[in-house]
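Order as written gives the chain letters A, B, C and D; numbering starts at 1 within each chain.
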């Protein structure tokens, strides 16, 4: 596709996110996620860790981290003009540091490669204040 | 610890699950999950895929699959007498087949190995009716 | 394809392994691996951990473990009548216990699912004597 | 430890690499790998894909890719003053594009985080000429 402007892509990503929320499915938790910027192949978002997001240790639940990796990387993929969200084949998350309730995390997703069949996406979660890495995810989707 | 009976371990796992739900954190989605059996190092559960669990394609959301892998494997770990839920260091999910809204999935978690420092857990999600594999997860936790 | 006999599949797998070795590529290390049995979707092998296989700690090198996961799971895939070895998209290895030089390991690979596009394979490495799990691998290939 | 100079760390990494090769274990394949630079927490290397490195498709074998991820990330870890190579607990590789025999690949490893117990490392393999990503790896080690 022709290179879309960042403004158009941010608008696109926010529209898709709204659909995720309105659909009433598991994507509804995106209503606590603020999409801050997007461009060709990438997407950035922010979220404050709330009580409803915590695990038994009072930090961001690993399953929610995985869900954010899944959702935000799919948004990044949608900016490439793939036209489809694809289907997950593998997702790997490495958890480097806990994020406590009240801390704000940045979620940066980018497309490593998108081909005719497969898309490879990467996500970093960092603490907004300190920049410390919370988690790193790799997400592989079938898009053929 | 002395070998606990399956009845005691099932009771233990159900109590921990109730705490997850009552805590009001991300574990509250366990209120849709039915713990069916448990033993030394393993735990089995069932869940009907509901509209609230779906992705944009109408199947079980990959982030929820990851959350189930996380939670049910942690329950399996707790049956080993570790006494602690541990902290996730890595989680990998392979998605083999979609599960549609209305389908029931079985979640089988088992402990591959638990040492003084690390615990290695494995989870299979299968369709209850057909036995088809929906996803396979590996979860590594620090327990030291 | 019609269900092939285990004898035929074992013969097929051994022939492919011989090609791996004769090719002079990285598969040549399969000359230390003994294929013991094979069937529809699975393959088993054995290897004694030699000095040439060790890491600096005197145990089976994690890169060789990954290579065994790759190769033996590809052999398992070839028994399904896929006709092609496919191309790796993701491989995950969980290392549960070291295997020392002199110990014999069993490598069991099976096909979790093979579709038109993707194949999902799983491998367990165990110590032959004690049955202890050394590593578990998940391997996803594109076969379309 | 006090911040070591890049020259000292490059010298350290090359010495460790020489030990890997001289040991006669699986690390001996590092004799085809050229360590080009190193610093606090990271290490870069280069390798020309040779016939002896290929899979049946004539590209860099996925098991060798995994071995390079393992070895070069361990070198990166050793620059942090950890003093120990650690023990692998998880390794994940995403394969984005094949590298043909004759192509040169760059291997960039960096430390995401190293704590008292766990170290988290990341590796990128790229084609030197085109910059195309060949593979991305995440490697988690126990260092406690």
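Keep this in mind: a contact is a pair of C-beta atoms (placed from the backbone, for glycine too) under 8 Å apart; a residue touches a chain by one contact, two chains touch by 3 or more.
Note that the coordinates shown come from a computational prediction; the quantities given were computed from them, not determined experimentally.
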Between B-C and A-C, the pair joined by more C-beta contacts: B-C
Interchain centroid distance [CA atoms averaged], chain C/chain D, Å: 23
Rounded Å distance between chain A and chain C, as computed from the means of their C-alpha atoms: 34
CA centroid of chain B to CA centroid of chain C, Å: 28
Sites on chain B at which at least two other chains make contact: 89-90, 92, 94, 138, 140
Category of the chain touch graph - line, ring, star, complete, other: complete
In the complex with chain A, residue positions of chain C that touch it: 89-90, 92, 117-118, 138, 140, 142, 144
For the chain B and chain C complex, residues of the former touching the latter: 90, 92, 94, 96-97, 112-113, 120, 122, 133, 136, 138, 140
Residues on chain D engaged by chain C in the complex (per definition of touch): 19-20, 23-28, 51-57, 61-64, 66-71, 85, 87-95, 98
